[in-house]
Amino acid sequence: MSVSQTCEASSSLQICRLMRPDDANIVGNVHGGIVLKMMEEAGCIIGTRHCNTQSGDRCLAALVRVEKTEFLTPIFIGEVAHVTAEITYTSKHSLEVQVKFMAENILTGAKKLANKAALWYVPCSLQNVEKIMEVPAIKYASAEQEEEGRKRYEAQKMERQETKARTEEVMPPPPNPEQHTVGFSQSSLIHLVGPTDCTLHNYVHGGVTMKLMDEVAGIVAARHCNTNIVTASVDAINFHRKIKKGSVVTVTGRLTFISNKSMEIEVLVDASSLVEAEKGKYRAVSAFFTFISLDKDNKPLPVPPLKINGEEEQRRFEEGKARYLQSKAKRLANQARQQ
Amino acid sequence: MSVSQTCEASSSLQICRLMRPDDANIVGNVHGGIVLKMMEEAGCIIGTRHCNTQSGDRCLAALVRVEKTEFLTPIFIGEVAHVTAEITYTSKHSLEVQVKFMAENILTGAKKLANKAALWYVPCSLQNVEKIMEVPAIKYASAEQEEEGRKRYEAQKMERQETKARTEEVMPPPPNPEQHTVGFSQSSLIHLVGPTDCTLHNYVHGGVTMKLMDEVAGIVAARHCNTNIVTASVDAINFHRKIKKGSVVTVTGRLTFISNKSMEIEVLVDASSLVEAEKGKYRAVSAFFTFISLDKDNKPLPVPPLKINGEEEQRRFEEGKARYLQSKAKRLANQARQQ
Amino acid sequence: MSVSQTCEASSSLQICRLMRPDDANIVGNVHGGIVLKMMEEAGCIIGTRHCNTQSGDRCLAALVRVEKTEFLTPIFIGEVAHVTAEITYTSKHSLEVQVKFMAENILTGAKKLANKAALWYVPCSLQNVEKIMEVPAIKYASAEQEEEGRKRYEAQKMERQETKARTEEVMPPPPNPEQHTVGFSQSSLIHLVGPTDCTLHNYVHGGVTMKLMDEVAGIVAARHCNTNIVTASVDAINFHRKIKKGSVVTVTGRLTFISNKSMEIEVLVDASSLVEAEKGKYRAVSAFFTFISLDKDNKPLPVPPLKINGEEEQRRFEEGKARYLQSKAKRLANQARQQ
C-alpha cells in the first residue's frame, strides 16, 4: 500500500484533518487564516525534514515569504482538509515548497481545490538561530524545471529586498466615527505569544502570524460592509523579522482600496518584547489581503465605496488600484494563455 | 470530604483539570484569566442544573456579577486545579454560587487555596433569552445563614444599579510615546466571538470575557514595568449586557492608579455585531484589575510611578487611590477580627 | 505523484501534524489521550467516507469500540505524528478500522511505531441518529483474510454484549486521606461539552471522550506515585451510549490493581444533560487504563503497593490481577510465536 511510502519520500508530504466549528465563521465558512496556517505547517515539516537529511547542526525551516495566493472556493465545517506539500526548488540557503489545499466532502465524496501557494523557507540552526544552514539540493525532473525554479527564486529575492525599505513606516492611528471611512473600520488586535504558537526554537510559526493577520483583515472587511465576508486572495507576504516567544504582537488592518466587488486591506504586524523594553517595537510582517462580500447563496455582493480623507489615504488608494489592475491583467493573460 | 457525594447533590459541584503550557505565561505562572474562566464554568454548570430542577422552560444560568476576589498564591503548569462550587443563596430570580479554586501539586501532594469568589447568576429561558425564569429555593442550614445571604443579595443589587449609569462613558484613545504614562501602556484587543466561546443559547460565557479582560490587563501591566507580572485581585465585575455569537469584542485596558507595589488597571469591554451595523457598539462589562510585579523568586517588586497627564487621568488616579485605601482598610480590619 | 492517489483510495487515509507543547506533560511526553484522539479522528474520517459511497441517507461513522491497545514508545514535543488508517473488515452494520500511529523526529529522521489499534464504527444516519445504515462491503485480498476479520467481529460482538450489564454499576464515593489507598488517588473531572468536541450531528467524538479519560487516569496515577507517569496500555473500550452536545460529562478514575511496575485504573464516564435534569445520569463509557511510572531516563520505576479497604476493592483488585496475568501470558505467547 502506498500510504506510508509517500510519507517516506522526503520530498512530499500530506496533512489532513476535519474542519471544526472553531475553524469557521458563524455562517460556516472556514477562515482563510486556518487554510494558510495548515499550509504553512505542511511546508515547515517538509522543509525541516529535508534540511536535516545532511550532517551538521540540526535546524528548523523558518518561513520567509509566501507568494500571492488565491482562495478558489469556500470550505465548510465537517469537510476534510487535505494539504499536500512538495519541495520544488532549492537554492544554497533557501527552499521553495508548493502546497495545495483540497477540501473533501466525505458525505458526498466531492473534492475541490481550495488553494495553492508557494512558500519560501530558510533553515536556521537550533544552536544559533541567526546561523543559516545550507540546503541539500533536490533532483529536478528536467533542466527546464530547474531553470523555472531559478527564475522564481531570483524574482522573489529581488522583491524581498525591495519591500525591506517599506517596513519602517509607522501606522497612523486615527479611528474615525464616520461609516465607510478608513478610520471607521481600522482594527487592531493584540496577541501574547504562547508556547503553542511557537516552534522548537521558540519563534512564532509563520502560519500562526498569517492566521492572526487574516482575522484582523476579516474584522476590517466586515465592519466596512456588514455582511458575510471571505478571504479572496493574499498578496505576497514577506517575513522580515522573527517573533520570539513572550512577545506581544499588535496586528493592525486598514482598508486601502475598494473595487466594485472587493476590498483590499493592508495588514501590519508589529512585535515587541514584553520584558525587554529597551528593544522597542519592530515591524515583523506586512501584507495585503483581499476580501469579498457574499450574499446568502455565496454570490459576491457589491461593496460600499470608500470615503477617502487626506493625501496619505489617497496615495494608498492609488497604489491599491494599481495592484488591483495589475493582478486583473495577469489573470486575464493567464486565461488567454490557457485557451 | 466526600467529593463525589457532593457531586451527586445538585447544590455542589467539582471541576478539575491539569494546568497546561497555554494556561500560563513564559515564566510558568497560570494566568488569572484561566482561574476566573474555570470558576465561572463551575458556577454556570451548577446554576443551570439547579434552575432546571423545576417544570417550565429549560434555561441557562447567565453570569451577571462576580464579587471582588483575590489571588492568594501563584499556580504553575503541571499542577491540578480543583474548582468546587456551591449554591449559597437564591432570590426569586437570581442565585449566588461560591466557588473555591485549589491547586494541587500531584508530585508532592501539596494543596493550596488559590482563589475564592462569589458569582451571581440569573436563569434565562432557552426559548427567549430575555425571559428570566424563577429560581427554585434552596434550603439553608440555619435562619442566620439565610439572613446573611439576603444581605449579600441586597448589597450586590444596589451596587449593580449604581454602576449602570457609569457604563455609557466612552474610552479616550490617546496612545502616548513617553514611557510610564497612561497612554504608553494602554492596550486594546479585538476578539471575534467563536462557537467555543458560547453557551447553548449562543451568548458568550462570562468566564471567556473575564479571560480576555485579564489578558489585556496583563499586557498593560507588563508594558508599564517590563517584568513578570501576575493578577493580584479583581474588583467586583458587573455584566451589564450579554454578548452574542458573531460579535466583535474590543477589550481595552488602561492604568488608573499605582501604589508602591501594585497597579490598578481599568478594563472596558465593548461589543458590536459584525453584520448588524445599525445597532452600534455597546459597553458590555467593565472592571478594575490589580496586578503586582514579581522578581525571579516570586517576591513583589516596586512598580515605577505613573506619569499623569490632564485632569481626567488625575481624577481616575484619585478614585483608584480611594479604592486602594478602602480595600487596604478592609483587609486590616479582617486580619484584626481573625486574631 | 502518488500523494493524491493515496488520498483518492477510499480504504486508507493518513493524518499528520506536529506535536505541540499543549499535547504533552511538563516533562515533554505527549499524553496518551492525544494519541487516542488523533487515531479516532482518522478512523472516523475513513469510516464516514466509506459508508457514504452508497446511495441512501448520508451518515456519520460513530465509534462503538476500541480494542485493547499498547503504547510502545514515548512521543515528544516537536515530533511529527503520522496516523494511518485502513478499513480491514466490514459486517452488515459495522466496520473495523486498523490505525497505526508513527512518530517521526524530523531532525534526525528517526521513525518509530508508537501505537496501533483496531476501532469499530457503526454508520448513523444524519437524518435520524438512531437509524443504523448498511455498510458497503470491502474487497479482501484473500478468503483467509476475510475469515480472520469475521472472527474478530464475532469476538468483539460477544464482548460488547457481556460488558453491557456492567455499565449500570455505580461509582462508590469515599475519598480517603491515607496515602496509597484507592480513595486517596481517586479523581473526577467534569467537562461541559462544547461545539468543538462534537461531530456534525452534535454528538461527542469518541476521541474527545478518550482524551478526557486518559487525563483523569493520569491524575490518579500521578497522585499514587508522585512521579512522571505515562500511559502504557488501554483495555478494550466500549462506547455504550452516545453523548450529546450540551451534556455535562463526569469522568472518574480509581485504582483497581497494581503490579510491581504498573497501575491499572478504571475510568467511568457518566453523562447527563445540563438542562434536562429529570432524564438522569447514564454511564456512557468505561475502560481500564494501565500507567507506568518513569524516572528521569524514561526507565520504569517500582510502584508503591495499593492499600486495600473492604471487599469491593479486594474484588476489583483480584479482577485486575486476572486481567494483568492474562495479558502477560498473551504477550509471552506472542513473543514465543515470533521467535
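All chains are identified by letter, namely A, B and C, in their written order; residue positions are counted from 1 within each chain.
Here is the rule we go by: a residue touches a chain if its C-beta (ideal position, glycine included) is under 8 Å from a C-beta of that chain, and two chains touch if they have at least 3 such contacts.
In UniProt terms the chains read A, B, C = palmitoyl-CoA hydrolase.
Since we're looking at a predicted model, the values are computed, not measured.
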>> With touch defined as above, tell me whether chain A (palmitoyl-CoA hydrolase) and chain C (palmitoyl-CoA hydrolase) contact each other through largely the same residue numbers, more than half shared, or through different ones.
In response: same
> Rotation angle for the CA superposition of chain A (palmitoyl-CoA hydrolase) on chain B (palmitoyl-CoA hydrolase), to the nearest 5°?
Replying inline: 180
> Cα centroid separation between chain A (palmitoyl-CoA hydrolase) and chain C (palmitoyl-CoA hydrolase), in whole Å?
Replying inline: 37
>> Please output the residue numbers of chain C (palmitoyl-CoA hydrolase) that touch at least 2 other chains, ranges allowed.
In response: 21-22, 195-196
> chain B (palmitoyl-CoA hydrolase) touches which residues of chain C (palmitoyl-CoA hydrolase) in the complex?
Replying inline: 21-22, 25-26, 171, 173-175, 179, 186-190, 192, 194-196, 215, 218-219, 222-223, 226-227, 245-246, 248, 250, 252, 274-277
> What part of chain C (palmitoyl-CoA hydrolase) is in contact with chain A (palmitoyl-CoA hydrolase) in the complex they form?
Replying inline: 1-7, 12-18, 20-22, 41, 44-45, 48-49, 52-53, 58-59, 77-78, 80, 82, 84, 86, 102, 104, 106-109, 126, 195-196, 198, 200
